[in-house]
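Presented below are the structures under discussion, each in the form of structure tokens.
Note that subunit A is present in both complexes that follow, paired respectively with subunit B and with subunit C.
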Partner chain A sequence: MAKLSSSSSTTSDAKALFQTLRSAYSATPINLKIIDLYVIFAILTALIQVVYMALVGSFPFNSFLSGVLSCVGTAVLAVCLRIQVNKENKEFKDLPPERAFADFVLCNLVLHLVIMNFLG
Partner chain B sequence: MEDLEIEKGSKLRFAFGNVLSLFILLLIGVLAFSIRLFSVIKYESVIHEFDPYFNYRVTQFLTKNGIYDFWNWFDDRTWYPLGRVIGGTVYPGLTLTAGTLWWILNSLNIPLSVETVCVFTAPIFSAFAAWATYLLTKEVKGTGAGLTAAVLLAMVPSYISRSVAGSYDNEAVAIFALIFTFYLYLKTLNTGSLFYATLNALSYFYMVCSWGGYTFIINLIPMHALLCIVTGRYSSRLYIAYAPLIVLGTLLASLVPVVGFNAVMTSEHFASFLVFIIIHVVALVYYIKGILTPKMFKVAVTLVVSVGMIVCFAMVAVLVALVASSPTKGWSGRSLSLLDPTYASKYIPIIASVSEHQPPTWPSYFMDINVLAFLVPAGIIACFLPLSDASSFVVLYIVTSVYFSGVMVRLMLVLAPAACILSGIALSEAFDVFTRSIKCQLPDLLSDPQPAAGDTASENSAVQNDIVKVDKHSTAQKSDEGLKERPSKKNRKKEKEHVEKVSVKARKEKRLLVLPLETSVIAILLLVLLGAFYVVHCVWAAAEAYSAPSIVLTSHSHDGLHVFDDFREAYAWLSHNTEVDDKVASWWDYGYQTTAMANRTVIVDNNTWNNTHIATVGTAMSSPEKAAWDIFDSLDVKYVLVVFGGLVGYPSDDINKFLWMVRIGGGVFPHIKEPDYLRDGQYRIDSQATPTMLNCLMYKLSYYRFVETDGKGFDRVRRTEIGKKHFKLTHFEEVFTTHHWMVRIYKLKSPKNRIRGKTKKSKLKTSTAAKLKKVDQGKKNPWH
Partner chain C sequence: MANFSIFFFTSILLLPLLCQSFSTANPTDKRILVLLDDLAIKSSHSIFFKSLQQRGFKLDFKLADDPKISLHRYGQYLYDGLILFSPSINKFGGSFDLASVLEFVDSGHDLILAADSSASDLIREIANECGADFDEDSSAMVIDHTSYAVSNSEGDHTLIASDDFINSNVILGSKMIEAPVLFKGIGHTLNPVNSQVLKVLSASSSAYSANPETKFTSPPSLTGSRISLVSVVQARNNARILISGSLDLFSNRLFRSGVQMAGSLTKYPKSGNEQFATELSKWVFHERGHLKAVNVRHNKVGETDEPAMYRINDDLEYFVEIYEWSGTSWEPYVSDDVQVQFYMMSPYVLKTISADQKGLYYTSFKVPDVYGVFQFKVEYHRLGYTSLNLAKQIPVRPFRHNEYERFLTAAFPYYGSSFSTMAGFFVFTIIYLYNK
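Moving on, here comes the complex of A and B:
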């Protein structure tokens, strides 16, 4: 009995937790949600590549590395952009969002130049 | 009106301060360059030591054949008959830098030779390194500390020893890359700008191109990130500084052929990946904490912890199994010898035999970083007041580099920048306190003889308030940046008005230290004296201790200066009197010099990548003449080169290195046993030496005809008479001995055409021949 009630309390707790998470997240501005979508897309692509490598074998290892790291790299850079553009972040309130985006583009350019070189 | 004038006054002060700093930095660059020129003045513009000759040869190839041929170069003039893939085994940063410099200068019609560019690359980059130290320390503490640290680094003997003009080695550019990478990391950490993160990754790429010590960076930065997380200093700036560097850095590191896939597969990089995962988890936790209420957050934590633990344990178990399955746990031999200092002597005698890899002695700390050795603890304390991300990084840097410098004397070089940074901080803080004390109390001293005008009286009382209250915010404003400003009367008036306001704030302000006047003056004088001692020591070290090119030796005697140019004499003889395709065998120390200066194929050289090949040469040197001839003949060797210092007292000759040859050879070929060459555990070459020692090739080639020099055969290095004095060589013939007998070259005698009499097969000789595994079964050996 006690175990059932504790497990039911944990499930109800979990449900309450998800509700609060969902409501809190929907309050974020739409530009941040777009960036989050981009991050999720990049991570999914990386996962697909890893699954493909597990199926097919890792022969041109440099291609595999460059593919996965390019996805992870743009995800990380997008997260950095999100941090800098987020209005709730006190440390970055002096930073104009255009400058943040320009830095993001520059870093991505360098990343993709290296990827193109390493792809083989 | 007053405010405007004061503002203009402070702007002018700032402008003057900036111009002064720029001028000082320029002078520091000139100092760093010129203190390294002693060897060029005392000897000549020549490349030093052994390793730089290889780099010089590679740079020559690059400038002659272009970058594509350099990238795909397979060198067949070394490690005969194996060859060496230069493109894939060399750190290209140094050669590409010098090649680019040469190319730029030549396209500007400044026709410097490749050798000149190579010789002067190191001093130029040490000037850059001093400027990078200024930038780094400015990020930690401010301009005053930056200037002090830069001037200390320009002169520190440890760095001079590896970057003197002519020392064309990887560390010359690598130390600059190291300091610059750390500066960009701290700049990103302080500003949170993605632009500096990109620059940081590119600078890290330059470091990976230049030196194998880049693993220090890729382990120190994750350690620092972990430290920040654990001490509760996580911020989004840390994420921006760390995560892009790891992704971009790993990619860029795999671009360099030497590193290749090691960037993701060896244990040296795993720390960075681990902390990468940890920092993402922490970032997620902070984000969720930000959007949830505390109660819901607690629920989330309990739920996630139970699920997450299971996943974590699974992943960690997989990782541990992967790593533990390799015998060295994924670390390379050199890294293992750093972590466990006894590893090399047990398993890899080659790494243990290099003199640079021995632990340093205590006096070498004082020799190499001098006064900084006891300014560093003061700097560490100054870093803690107040503690910031940048200062915690510097403290971590010094602690790790002190440990590693204790393992290998070569790594004192990594300690030097850290010591300079911390000493610069300590000295700058000390000067701040003393000059502040003097400035507080000097007007009091000066205005005493003048009678009290209205202004001066209030000034006096204001100044008295200074001393009495000992906590003035305005004094902090005046003594900023460590520059001495002339106190203007207008400032004093403003101070008087603010006295009351400030005294209210005074309780919350930090108490600034003000010492008595006489103490401060004497202390400043003593600090300047300390600096003078440091400068004198550095210049002496640069001139006397670290400027020897090792390829030319000098000695002073009662009849003047003797110059020993034997090495170049021998290499010149080789290049003029032998065929282009002849192979030369010597101990691996001289391989790079032989290929670069004599332009002949060698069997082993300083790269020491193939232990068995070196052991073969070592076995040949330790065997009797006939067995040695067999080994050398199987390797197509024509000439054998030995270095002998017994006539002039040159201590680094082959007889002194001989025991290492025995140990390395014995490690691969078990019939060479070290105790056979020692009498009662002692290494001797006199009449008490063992017969194995007296019959081995190294003894015979070193001491052949030595008794003809003074009639008794007295060896000046070992300080005894040699054991076997009169003997003939049966399988080798002497072709050249240099002027001071320092280099001796022998040629392998070709086998006789006819075999006289019956071929005898004595049992002893067949057994050694069989053990060497080189005898063709059907061929009769003509030497029997």
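Moving on, here comes the complex of A and C:
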């Protein structure tokens, strides 16, 4: 009896946790949410490629690497942008968000230049 | 003056013939120096010498202590072969000595050495340098009480009959030697580590080496089939040496004598000595078993020119022609065990090359997926044949940057993901900038 009540209490605890997380996340500014969505898209694409490689073998290995690294690089750069434009990070108080976005765009151009060269 | 001009004119006419005699295309020896203890040997061994002369050899008989012996003049050897039928000589005449015999062999010339129970230290030393150790006891002879040659008198069984030949058609000729070979002389042993020296005629397992006139004080040092009666050496430079413990083996008396082995009812009217000695001398003087490889070439499949370098994974063809000297002409040598290696530090490809009836060997293979400086190597070492060592260097390069395959179907998902990330970046930028 005691066991049952304890297990039902964990489920309710988990539910409570998720609700808190969701309500906290809904308070997140919309531009950060866009970045999150972008990161999820990149990670999913990388996962799909890893599964494909596991199925057909690693033959054009350079192509595989450039495909996966473009996704990983995109995700990493997007996370960096998210840290820099987040108002709650006091560390980047002095850095204007326009400057952060320009850095992000420049880094992405360099990343895709490298990826295009390594792809073939 | 007229005389002189006629002489001059004929010598110019003869010049091509003279040049021919120095041609290296003919591996058979032509001029042979025969050193004898005693000029009587010339008549007592005349059948053997005559068979050599009939095959075109020019024999130059000299006494071994003749002070005028010289092997070379003006840096050129005067002889292609040397026959030492002088077992008891202690010191050669002139400037000829042990070192000059060895030098003669080291420069690729051939040697026949026969000893007997009177063999001197000098002869033993020459044999020793060639890889055969004669029994050190100077009074010892090979004795065999079970496979001796039956004769009228009981004797001391030092005239032995042996038919334990080496199993090689190259060395002993394709015709089997039916009758046993008569042997009277001293035995020798071979260093088992030395792979250049071969036992051609070995004693039976009941033979031993001892002084026939005295009783044993200690067991004989050489016994059984370890004793070699006649051996041959083929040096790494393809010089050939015959070492026989019996000079009598080549004599007219034993050539002509009939033979019956003890314990056997078959009586042969003629011993195997003549055939044995003749065939062996053919081998020693390069009338048989001398190979040459010519026209080594290789090309890409579908091309005929030899490229300066190959690319990894190219398909190539390799050709070589191998001929055997038959004593008068080069005959195609057809064998199924010639192999070629594609070699860089270790063989990457090892293939047996097959021959057609004209002695043209051909194979094709794929260059391995490794680049570097390779060699085509043929290393052919067969019992009795001269060794072939061919090496031809060829570099192998990797693909050039524009020789790789492009737009592989298998890589389409990777291309797609790269471009979709770029498109995603573009879309993200617009949404991020205009969502205010």
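Here are a few things to note about the model shown:
To be clear about the criterion, the second predicted complex is superposed on the first by the 120 of 120 C-alpha atoms of A that agree within 3 Å, B and C clash if a C-alpha of one lies under 4 Å from a C-alpha of the other, contacts with A are read in each partner's own complex, and residues count from 1 in each chain.
Throughout what follows, a residue touches a chain if its C-beta (ideal position, glycine included) is under 8 Å from a C-beta of that chain, and two chains touch if they have at least 3 such contacts.
Bear in mind that the values here come from a model prediction, so they are computed numbers and not experimental data.
Applying the stated contact rule after C-alpha superposition, one finds that A:Met116 touches subunit C and leaves subunit B untouched. Residue contacts after overlaying the shared chain place A:Glu91 against subunit B, while subunit C stays out of touching range. Contacts of A:Phe64 after superposition: subunit C is touched, whereas subunit B is not reached. When subunit B and subunit C are set side by side, the one touching more residues of subunit A is B. Of the two partner chains placed around the shared chain by superposition, subunit B is the only one that A:Val79 touches, whereas subunit C remains out of contact.
Of the two partner chains placed by the overlay, neither subunit B nor subunit C lies in contact with A:Asp36.
Within the superposed three-chain model, A:Leu106 lies in touch with subunit B and out of touch with subunit C [touch as defined at top].
With the contact threshold set out at the top, residues 66, 115 of subunit A are in contact with subunit B in one structure and with subunit C in the other. Contact residues on subunit A toward subunit C in their complex (touch as defined above): 30-31, 34-35, 38, 41-42, 45-46, 48-49, 52, 56, 59-60, 63-64, 66-68, 70-71, 74, 78, 101, 105, 108, 112, 115-116, 119-120.
For subunit B in complex with subunit A, the touching residues are 192-195, 197-198, 201-202, 235-237, 239-240, 243-244, 247-248, 250-252, 254-255, 261, 264, 283, 288, 290-293, 296, 299-300, 303.
Residue ranges on subunit C touching subunit A, taken from their complex, read 404, 406, 408, 410-411, 413-415, 417-418, 420-422, 424-425, 428-429, 431-433, 435.
In the complex of the two chains, the subunit A residues touching subunit B come out as 10, 13-14, 16-17, 20-21, 24-25, 27, 61-62, 65-66, 69, 72-73, 76-77, 79-81, 83-84, 88-89, 91-92, 95, 100, 103-104, 106-107, 110-111, 114-115, 117-118.
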